[in-house]
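Two complexes follow with chain A in common, the first pairing it with chain B and the second with chain C.
Take a look at the complex of A and B:
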């Protein structure tokens, strides 16, 4: 252990601990801006400075390791003054458009300005002037609001291994951007939006599509339906001020009705459907010697990643569309027929924890119904704003049920929101379909949790099924490289683009950190346990769908409506 | 090269051929024309003089008896092109192609030296023919630039003839690694890149660090405006750097070195690359050097033109192929340098000192210089001074000696105002401190720094607000943009200075500049940012009245700033 003194208090910590972390142990909270635990520890912003006895300069506590006998002061007048001047400089290059910013009152820069008591910025020189990049359907970058903390670069480079963003130019002209000032839409950005989740300010935000939804809701000719992704019910509460881990399923349904949606449906329904299609696809591949391992295809950021970086492995992807897109094509065919509504009048809105879904719904393949299957995607953050704008006091709304039939679902569909959930749901079904036996314990604990790569072997009848589960694209890369090297003998792999799975998606409420992800995961399994049915193949609405419309899994209609193709994109194209 | 004997044989053979450069011509060697081939003289068209001379030699049928050798920088760039003619060591300056005929036909063939091409000391009636008698050179002491007058930088034999690679031979065959480090420590050598950290200590830390492999890196990313000490060494004596690095490799247990040179130094890169090839061909790099079992090789890495890559952590990051930006220290390169491995990083001039220390011993080396700053320092003299160019003087030489004796004083009878040392990280030292002996500590005490050795002389016509603005403009342009204080703070300082220089300054601006300057020094991430305010602070310290005059009276006494009407 290393012994040191922080603000006159003795503390002993493990070697390698930063001063920042050591200070927390003695109750000294040091403000930070660029720091993002485990992801971005670069000492760039100089907000977390402290005084260390004997040092010639102030020391950035986030990167400086403790040393034996170190004497640290975190809050002397000199330190506070230096931090304040650094912040004043950062603010002098900020547009100060707080009142019209999407991140108003959810902004770390604003918080710091308040905490430091900034009442004046004495410098009125040049400001960063770069045009916004709104080329992407998913996210919008406004470099004027950027504080160059580089969290976006770190999460994109180190966590997602996409490297869409980097620093270009230098000095005051430094700009965070795709290399060579490419537009986000024109390069390998997978639209996952993790950058928007870690941005401390409004420099990277989700594309706000709420106006389109308000307009559809106001249009009397439109039959406006909404589907809600599994993760949204364990996220929405946070966007409305509730504690992380709050479950807002019934309140969300009630609120959506009050906003004026004609039908409130659930993506959990098509998650169940996905299990039947994908499960059968897996069985077919295993039986007929198809390409293995098969990899899940629910996560559009992951799909785009594979298309860019592993185009040679695209035949490993399940051909199943994501649950969102299955929903879209069914709502404008099956549901339209059933209810006698002209699909042209149906406006399909998705609520997703995801920015890449905004991109996915605009892919040219996603028109199986003859129309754009899903018209618009809102992130959980955007839905939260709509609730607030409509004056919905979500916490006090009565809990309501989803509409039938596309709102009927099982716990298996619900757990799609957490890493390992798709695999667990598939195993629940595949086991019973293959063996004809009832699964005694349906909780596959080996699939759960947020470790980056999980592996398991599950005995299904005579076959030991070998599976792998990854979350975060950097972890996916590890498994994909094994496939490339011919070292992967898995049957089935679940890949979720975002760390922790969809509950940590790029459209989640801000902040989203590891602790918050864990709470949302807990809430997800609580929801699963609460459900009367917890196996996808037991979903009565899915059974009816096959009987009335699709006939059988992997049948002709399924092929047309529920399956898709991929595009080898490569890099630097 | 498997033994010291082999080296001795090369030396012996070559010395015989080079006797002419010690004053002894032979039947086959009538004259050696050492034409300065530094980038400065090349810019003043020395190659045209060489062509003319070759033509004159052929015309007179003595081309086979006279060698023309392009050397490294000889120093007095304002006199270029310059040349030394051996055997009589005559120094000629401001040569033109039309002078070639006279040099060949009069000097070389008849022994009649040409006074009009000779150097004339300020105030002297007669010119000084012999290079050794020229005051400007006589007051210097050459350790780093020991070979620049004597050798062909493209010839490894020339280097060996002047004791080249003898130090490496000694280190590999007669010394233990610890002894090498001890010798370097004892020499008192401090880093010539600017910070002045003990070189021996640095080596000792790296030797003791856990982790393998270890690396040896040479910083040749010289970027201070007007400074070209390192370029002169790389162009004029590249083997001295290679030899120094190899010695260090032995001392710390490294087998790979990198020389990081800026792309703006094509000639240095060319000569270094050639030297590396020659060293490999002669077995002085590669496997089992001198039969000692020691392996060492060096790669060149070319910088893309960022000043900040002279900062050690940015340089190491750039070597790895990433955007050259500094990272926080600790960890220091001694523990985590290139590729995260223990690394010694010294600058070109530091490396060039190493062979002398090992060959002649730490005591001999430490006998030159002051108590805490040993050896010599190379400076690049520029600005309002008669003799611009490169000089090398013992540590402790006073500013007055440098400016007025070696530098020949201020042109056009103007008054000396200040000397700016240390480039954009340095400061301006006014006339009252001219008798300061130049070493790391005395310059620091005056608010300047030794830096890498840039020295810009300013006369009475120089506006100090303008000078501060010039250096800050440079820093604003070269800031990498990673940390906020440097990225935004230097920009804001520049804007305030710009306002002052345009007559838009306000009361309180000087205080705001000082507040910003002190904060940036105390909070910036790397050495660039932490020293960037120095030119402003030192000019405010010594020339506050000029700032006040600009702000209060909207007046620039030097008529440099264009203030509003």
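Take a look at the complex of A and C:
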């Protein structure tokens, strides 16, 4: 252990600990801006300066390791003054549009300005004038608001291994951008929005589509239906001020009704449906010698990643559309027919923890109903804003139930929101379908948790089914490279684009860190346990859908409405 | 002077670049060496050259572009046969960097970072070149130092470079 003194208090920490982390142990909270635990530790912003006895200059505590006998002061007047100067210089090149910024009151720069007691910026210098990139349907980049912390680059490069962004030029001219100022829509950015989740300011945000939804709700001709993704019910509370891990299912349904949606449906329903289609596809591939391992296709960021970086493996992807898109095509066919509504008048809104879903719903092939199947996607953050704008006191709303039939679901659909959930839901069904026996213990603990690559072998009848589960695209790469090398003997792989799964998606409430992800995962399994039905094939509304409309999994109508194809895209095109 | 390959055919250029990349293939650590040799070959680093290098070394185009735009040495635009580097270090700045730059601009009709249409000169502004005693100074082709410059002396200097 290393012994040192911080603010006159003795502390012993492991070698290699940063001064920043050591200070936390003695209750000294050092402010940070560029720092993002485990992801971006580069000492770029200089907000975390401290005084170290004997050092010639102040030291950035996030990158400085402790040393034996070190004497650190974290809050002398001189240190506070230096930090304030750093912040003032950053603010001197910031547009100060807080009142009209999407991140107003959810901004780390704003928080620091408040904490440091900034009442004026003494410096009036040059301003960054790079234009915004609003080419992407999912995220908008405004370099004027960028503080050059490089968190977005770190998460995109090291966590997602997409590397869509780099620091262009140097010094004051630095711009965070794709090479050659390419537009995000035109290159290998997968639209996952993890950058928007870690941006401390409003420099990268989700595209705000709430105005489109307000307009649809105001249009008496439109029959406006909404679907809510599994993860949103364990996220929305946070966007409205509740603790991470709060479950807001019933309140979300009640609030959506009060916003004026004609029907409040659930993506969990089509998650159950996905299990039947995808489970049968897997069985078919195993039986008929189809391409294995089969990989899940629920996550549009993952799909785009595969199209760009592993186009040679596209035939491993399940042909199933994501639950959101299955819902979109069914609502404008099955539901429209059943209710006698002209699909042209149906406006389908999705609430998703995801920015890539905004991209997905605009893909040209996502129009099996003859219309754009899903008209608009809102992230959990945007729905939170709509609730606030409408004066909905969500915590005090009565808990209401989803509408039938497309709102009926099982616990298996619910756990799609967490890494391993699709696999667990599939195993619950595949086991019973193949063996004809009732599964004794339906909790597949091996599938759960946040670790990057999980592997398991599950005995299903005579067949030992080998599965792998990954979350975060960097982890997906590890498994994909094994497939390329011919070293993967899995039958089925679940890939979720974002760390922790959809509960940590790019459209999640901010902040989203590992602790918050874990709380949302716990809440997800709590929801699963609360459900009366927990296996997709027991969903009565899904059974009725097959009886009344689709006939059978992988049938003709399923292929038309629920399955899709992929586009090899490559990189640097 | 470097052997300029900017008029080489695309296939030929691809082959020449591959010969530069080969020793570093799949090795991201070789990026700066490869970029340097590629720029010596082509004269500058256009997108297609950077893409070939990125794919050869197994790095993203973003990584390559970030390095290229970080270092003043690398250029995204065609370079002239002769590079004029005007010193903007403290001593030169005080003694007349602005005058030198303006004179060159008037004579050659180009701004810093640009190349003359006849590809004869590229003009750039650099930090201290260590010739403070000769301020204001400029370096041509990275080796010839011309100091104590005055507007009327500059045309004769330029005439030495065809």
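In this section, the second predicted complex is superposed on the first by the 573 of 573 C-alpha atoms of A that agree within 3 Å, B and C clash if a C-alpha of one lies under 4 Å from a C-alpha of the other, contacts with A are read in each partner's own complex, and residues count from 1 in each chain.
Simple rule for what comes next: a contact is a pair of C-beta atoms (placed from the backbone, for glycine too) under 8 Å apart; a residue touches a chain by one contact, two chains touch by 3 or more.
Please read all numbers here as calculations on a predicted model, not as lab measurements.
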item: Chain C versus chain B on the shared chain A, clash or fit after superposition; value: clash
item: Partner chain(s) touched by A:571 [first = chain B, second = chain C, both, neither]; value: second
item: Which of chain B and chain C A:89 touches, first, second, both or neither; value: first
item: First (chain B), second (chain C), both or neither touched by A:170; value: both
item: Touched partner set for A:58, first chain B, second chain C, both or neither; value: first
item: On chain A, the residue positions that both chain B and chain C contact, one per complex; value: 166-167, 169-170
item: Interfacial residue positions of chain C with respect to chain A in the complex; value: 47, 50-51, 54-55, 60-66, 69-70
item: Residue ranges of chain B in contact with chain A within the complex; value: 306, 308, 323, 325, 327-328, 330, 476-485, 487-492, 495, 512, 515-516, 519, 521-525, 530
item: In the complex with chain B, residue positions of chain A that touch it; value: 42-46, 49, 57-58, 60, 63-65, 81-82, 85-86, 89-90, 92-93, 122-123, 125-126, 147-148, 150, 166-167, 169-174
item: Sites on chain A touched by chain C in the complex; value: 157, 163-170, 178-180, 571-572
